[in-house]
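Structure first, then comments.
Chain nomenclature is as follows: A, B, C and D, assigned in order of appearance, with residue numbering initiated at 1 for each chain independently.
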């Protein structure tokens, strides 16, 4: 699946998006896999209360299943307007 | 003093303003004097709850004193905006 | 603060841009939010035109007092009120207000306050000219009630 | 309904006039009230510029959903949302919304609803560029709380 990062999440991880091969069942499982990779992921996902997730461009929850999801995006709370 | 009429009050009385010589102590006294004059005043002032009064261009009350007042205006509730 | 009571039509877009430009200048750099309201003549029930009467002299005083009260209450960057009188046809812009503040909540509240008071406390009277003749618009209880929240 | 997510500057006055003209046409004769909001880059604390990042694709979807919900809730004559991204300097207009309705209460509420949801539910992130460097703007609890009233 495609994983996208925005704002300071993008800056901490160092890339705006990447292709991830994963059999993670939920967003939480995917995050655990990413954190195990490298310290920059560990840093980006240290505090989940400061993060939001979108699945296929819809805001979602960290315990949501990833079945059928092509695009996952992680970002801080939005500050539009 | 100068007495002004607006909207349907003006239409009922038939003139936009007139000079009135009066020693009425309050707005209510002035209205009583005007009503005694002619039926068109009687008609215009029949229902005071449908009227508003301004003294020297400030919204006021019917029991307000007329001492020092140069300009009295009668009109229906305002419908601006 | 600019207040205009006028018979002439005005250009809402040009007014918005002039108001925004003033707020964007150095002196008003504290402005982050601008709310505008404009009122149009609705073509209800075949209504073709509207005649707006006002009380010259008192109108300007009343609007100035309303705008000054709003400025004290919300510490606004700027305030604009334009209100037409005379004959207007369906679709024409009757009036507009604009309020600029640091944050959106103040700008929204101030614009609503200006509108609520202009409706019921500025000496304007509307007469609708329709196919059946002319009728003075009656004041609505809801408009008087709207003042109670302030 | 028009929604635009764009890097280019826009002319708020021209947008207001185009929106008003649409509402003034026969089909939308039922519109008596138009409320607009525009947001400006404030020059707070020596802030010189702002960089707005967004999520292409999701941004348009999220705004469309917010605008459609507002239209269902208030039966609006029309809705407009324009939001810029990229680099903006102090005094520039970041975004605007406009809502048209029969009466002022609906137009005000719909514009506030659009703003409250754009603030916290449309995928934009602001970074302030000041004399001390760059900082991501933190989301405010007050903005999240503002959603509870709807």
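Keep in mind that, in the parts below, a contact is a pair of C-beta atoms (placed from the backbone, for glycine too) under 8 Å apart; a residue touches a chain by one contact, two chains touch by 3 or more.
Values in this document were obtained by computation on a predicted structure and should not be read as measured data.
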Count of contact steps on the shortest path from chain B to chain D: 2
Centroid distance [mean C-alpha coordinates] between chain D and chain A, Å: 27
Centroid distance [mean C-alpha coordinates] between chain D and chain C, Å: 22
Rounded Å distance between chain A and chain C, as computed from the means of their C-alpha atoms: 48
Of all residues in chain A, the ones touching two or more other chains: 81
Chain D: positions in contact with at least two other chains: 39, 104, 115
Listing of all chain pairs that touch each other, if any do: A-D, B-C, C-D
Complex interface listing, chain D residues touching chain A: 39, 53-55, 57-58, 61-62, 83, 94-95, 115, 118-127, 136-139, 144
Chain A to chain D touching residues, read off their complex: 4, 6-8, 10, 54, 57-59, 73, 75-81
Of chain D, residues touching chain C in the complex: 11-17, 20, 23-26, 29-44, 90-93, 102, 104, 107-108, 111-112, 115
